[in-house]
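Chain lettering (A, B, C and D) follows the sequence in which the chains are written, and residue indices restart at 1 in each chain.
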Amino acid sequence: MITVLKSNATDEQRNQLIKWFEEQGVKVHVSVGEFQTVLGLVGDTSEIDMDMLKLLDIVSDVKRISEPYKKSNRRFHPEDTIIKVPTKCEEEVEPGNVKDGFALCGGGNFAVIAGPCSVESEEQIVEVAKRVKAVGATMLRGGAFKPRTSPYAFQGMKADGLELLSIAKKETGLPIVSEIMNENHIDLFEDVDVIQVGARNMQNFELLKALGHTKKTILLKRGLANTLEELLMSAEYIMAGGNEDIILCERGIRTFEQHTRNTLDISAVPALHEMTHLPVIIDPSHSTGKASYVRPMALAAAACGADGVMIEVHNDPPRALSDGAQSLTPDQFDEVMSEIAKVREALK
Amino acid sequence: MITVLKSNATDEQRNQLIKWFEEQGVKVHVSVGEFQTVLGLVGDTSEIDMDMLKLLDIVSDVKRISEPYKKSNRRFHPEDTIIKVPTKCEEEVEPGNVKDGFALCGGGNFAVIAGPCSVESEEQIVEVAKRVKAVGATMLRGGAFKPRTSPYAFQGMKADGLELLSIAKKETGLPIVSEIMNENHIDLFEDVDVIQVGARNMQNFELLKALGHTKKTILLKRGLANTLEELLMSAEYIMAGGNEDIILCERGIRTFEQHTRNTLDISAVPALHEMTHLPVIIDPSHSTGKASYVRPMALAAAACGADGVMIEVHNDPPRALSDGAQSLTPDQFDEVMSEIAKVREALK
Amino acid sequence: MITVLKSNATDEQRNQLIKWFEEQGVKVHVSVGEFQTVLGLVGDTSEIDMDMLKLLDIVSDVKRISEPYKKSNRRFHPEDTIIKVPTKCEEEVEPGNVKDGFALCGGGNFAVIAGPCSVESEEQIVEVAKRVKAVGATMLRGGAFKPRTSPYAFQGMKADGLELLSIAKKETGLPIVSEIMNENHIDLFEDVDVIQVGARNMQNFELLKALGHTKKTILLKRGLANTLEELLMSAEYIMAGGNEDIILCERGIRTFEQHTRNTLDISAVPALHEMTHLPVIIDPSHSTGKASYVRPMALAAAACGADGVMIEVHNDPPRALSDGAQSLTPDQFDEVMSEIAKVREALK
Amino acid sequence: MITVLKSNATDEQRNQLIKWFEEQGVKVHVSVGEFQTVLGLVGDTSEIDMDMLKLLDIVSDVKRISEPYKKSNRRFHPEDTIIKVPTKCEEEVEPGNVKDGFALCGGGNFAVIAGPCSVESEEQIVEVAKRVKAVGATMLRGGAFKPRTSPYAFQGMKADGLELLSIAKKETGLPIVSEIMNENHIDLFEDVDVIQVGARNMQNFELLKALGHTKKTILLKRGLANTLEELLMSAEYIMAGGNEDIILCERGIRTFEQHTRNTLDISAVPALHEMTHLPVIIDPSHSTGKASYVRPMALAAAACGADGVMIEVHNDPPRALSDGAQSLTPDQFDEVMSEIAKVREALK
């Protein structure tokens, strides 16, 4: 951490501040310049409140040099984390890597999570599960608890939806992914393999803490207005509780552009890969809000090194109870899968 | 709702769609143009999924005409809602209106909510409470459960903090305002008069639903990347549960500008006053993140018709455990109060 | 400037870099820490390319400590700049300060610039000029060259519009303000007292350079996505040419919020007052895009210490050729002026 | 266009408005609902001012249905436009399509524009030109006039830089691309094959108009805060003047995220392909600001169907006079080119 003093700071004030820093256990290196003096703080500065420092009359600026995220930081954990989700599906070829009874994500292994936005009926979820499995999806997604902007909109089938997902899991062997909105529901997610935290709950710290005490893989979606650093700080909340099985998901951020529902921040893929060892997947469905943009965005994800994609697939999109406009038909999904495979093969 | 058909839609397709709309209980008025046909839908269209409609081959666009918020909509409730919070303080002069045992907010009554970001000790909270009461604050704020980006940062005194707030309430008569982060904590908030929902939880729909079943006034803060319409939809979640005592709070939105912590959207005041009957207050402390900008922003709020302000005051800002950089000293707060009073008097 | 070295930098590499810095004429202070070494650079670092430095293998981060703006920096020019625009109007009372033949802006003097978005006819501009002068406007605005998103929209009366403004100036004595879009038009602006640079041209550096060589006061509007620092850097372009008569104008930034046309960044007023000695005015018309929000935003501007406002007034808003929706009638403007006067009187 | 009337509009008012619309030459279809009446306007509504309409007392909302861009609209020009830039290079294999003496962009042909941010010397630009040509670049870029935020930063070699580009063109046969900042410089660009309009000048309408009267291909970059629709409206300015040879370029938009210099809006590729027939290329260098993100973003561009990329390449990035941090070395560029070729081959 660097503390810049104003030129009007007296020697006494400066020495007082240096003494205070030393009491906090950090070493101070002083650089005296013509217009300002710079204090370089060395040691564990995580307890020092930057905002407080800035308030002092003699301080002109304070800058942090090291990242505030620790357990997720690649600096201290250089190898890619590979997430392993138990599956009953057999090993498959690219894309959608499955090995030794696990669907993998990260470290060169590409996860394909597909399924409807909302679970609507046993028939629907089982049919979609079979269809997406047939062309290489490695996990089945389906919303049971749905966060909706309006209290008057369909809120999901809730616990019944989770039961239908379990049936689809039994029928196909695919591990299942579903979103949680309330820590009190954790028990209901016993048979769910990957618990999703939605964008709106990315900074629901109470929920994150509770999930840190589970043994489930967490799929953590980036909030609509959250920085990559904040995404990693939310991962830290889960990791601090002991659960280090986290998949990060970029799903579009909110910008001034209104043509697409959100703006897919594709550069989050190389950026997060540099910052963290956790795997990063892309959700081309929610980020664009348009079925016709899902294919090109999924291919972009595969080409730029994402560790997977999460795609909405519905057997009958125009009749879907939510987010129909962005869902692919199974046939369209099939085509995307075959092109993803080609891109990944080409870049091997 | 308006549905625009593509020019290539056949008469049969058009009639089929019209029939489907009529089955949903809405009347359809058809305008045939040279390049496109427009269907005007009249009646309750809240059940019709716009995104789904847009997916149909023959549909080129769908536009909603009426607002999706109902209970908070000024159209159906033209008079200002006046929130009444029980207080033991006596009637006071401007600003910070107190009448008949209630601190008021809305309909020309100006609420002044002041206090430290975090409750730190009995001595601190009682001292601040006395100081802010003396110059006209009508409610005491203090954080007990603190949402922090980092799991390694101070998380608040939790239940102990709420108890200290109760002591300050007893000593001064001021009603108390504190933030909730978890529906499981509602019982702990029994003595809290106004429960705050923070920006990060504005779309924590499970929490909103739970608060809809309480009898407490809710202070609902706008999320960092949420539109005014979404803020009202979150108010709807609370109102749909039966609790209509809501104060809306603009506290800065996230933009590209980095000089201030957030960007205070001051035009939210006239905009929300047009859209809704609920009162709207401004938080100049969190929106700017700088103590020196609090005074000008509080005066702007008073001048443009806000129904109150929420200001961080700390007896010793440089030593505050959180957000010290944006807190006023009691003396600075005193000055702001006297200037707010002048502005409000001038514009009466 | 601070340069942080990676822990793997060898002593030789470090010494080489230090030597290079010293060749550039800056002194280097070294702080060796456990995990990293920090080089504090003292002296004129404006020639050192931060991005280039960051590229070096041994460098982990580079941070600038001093502001890149110089002539506009309050640090080197603590007193407020007061802009003086020659006027033939007599001295007036608050608001809209006129003294000794000059309309003033800055240093406690409040400028009121009012008039139609576009000049449409002699009758229109003269009538509006008389009306706004009567209630205290100190300058007349009127667009002759209009930047329009669409090439098919009305582009202004151009040179003819400037002549009509001159007539209105002769009739009322009010100095005139009009927007320039092309450096080749500078000669046409001879009789214009304040030349406006619109938001879209804030970083049209060629235009800024050309205006730096004129003797006119420049009204520089902040771009829709420009930071406050960039606004000051654009002012530097003009000042570097020798013209230091600049009024800064906040007119709304582009955010995700769509209810208002732009988001008025009201905290730009105290922020710019801290950063620079140049005066700062607010444009409540373009920032909100709605006539009904102009009054509350103009009052907010007056209350928070802005050095003036720029308000669109039209004698017949519904028939205005551009931006009718945000224009006030002369009667509405009258009311705003009287309330601004009250607020300024109250806060004296 | 749709005009929604308020429920309190009288029959007389409604009929008056309808009569006025009919005088403007548009047909009106009326849909009377319980709460509101909707007027569907059919015909050429481009002259009707939406903002003005909204101002009327009886009007509650106005919505435009058809797009405001015409010449660039794919609706009226369904086939892809293929831009042909004369070249002396021979035909090449993928990527970077050259045929019959033209470098192509659009309609399945992929343009690769590469070169340094700034032209610095003859030796530099000729060396880079040879290197990028050798691995398949089809055009050479080099900045001669540089838009810099600070007036104190290097502003480019100007006319001398253009001459050095001509030398490099002669030596290699590659067509050249360079940025213009002032319409008065058009004559200097005689030997330049593609004139670039930078992000900051995207709405410099005077410059766009002047370029509309040239015969040069224009590379139009999206502004930092401009919507896709605005980008097309700026293309309309050029096309309205008679010049329809335009390449659109997405180069990152400004958002709250600070980790990357800008946020690459990769979904602009499929979105613009749907909206317009003009080709769309991606600039992975300026959008991310980091050399290490250029490769993954260029691959994403190739995979999602972009019509080309524009990449900064410098023979000695750490010593580059501008934007060194985001430039590739020729070796790195070589690798990106070979991977782009693989992706394009795979997706053929």
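By our rule, a contact is a pair of C-beta atoms (placed from the backbone, for glycine too) under 8 Å apart; a residue touches a chain by one contact, two chains touch by 3 or more.
Since the structure is predicted, the reported quantities are computational estimates derived from the model, not experimental observations.
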At the interface of chain A with chain B, does the proportion of residue numbers present on both copies reach over half, so same, or stay under half, so different?
same
By mean C-alpha position, what chain is farthest away from chain D?
B
Option reproducing the contacts of A-D, where over half of them reappear, out of B-C, A-C or B-D:
B-C
Using Cα averages as centroids, what's the distance between chain B and chain D in whole Å?
40
What is the distance, in whole Å, between the centres of chain C and chain D, each centre taken as the mean of its C-alpha atoms?
28
Euclidean distance of C-alpha centroids - chain B vs chain C, Å:
31
Where in chain B do residues touch two or more of the other chains?
225, 254-256, 258
Chain B to chain A touching residues, read off their complex:
46, 49, 51-52, 54-56, 68, 70, 147-152, 181-184, 200-201, 203-206, 209, 223-225, 230, 233, 236-237, 240, 254, 289, 291, 317-326
Chain B partner, complex, touching residues on chain D are 2, 4, 27, 29-36, 38, 40, 42-43, 60-61, 63, 65-66, 225, 254-256, 258
In the complex, chain B residues that touch chain C:
225, 227-229, 253, 255-260, 263-267, 269-271, 274-275, 287-288, 292-293, 296-297, 299-305, 339, 342-343, 345-347
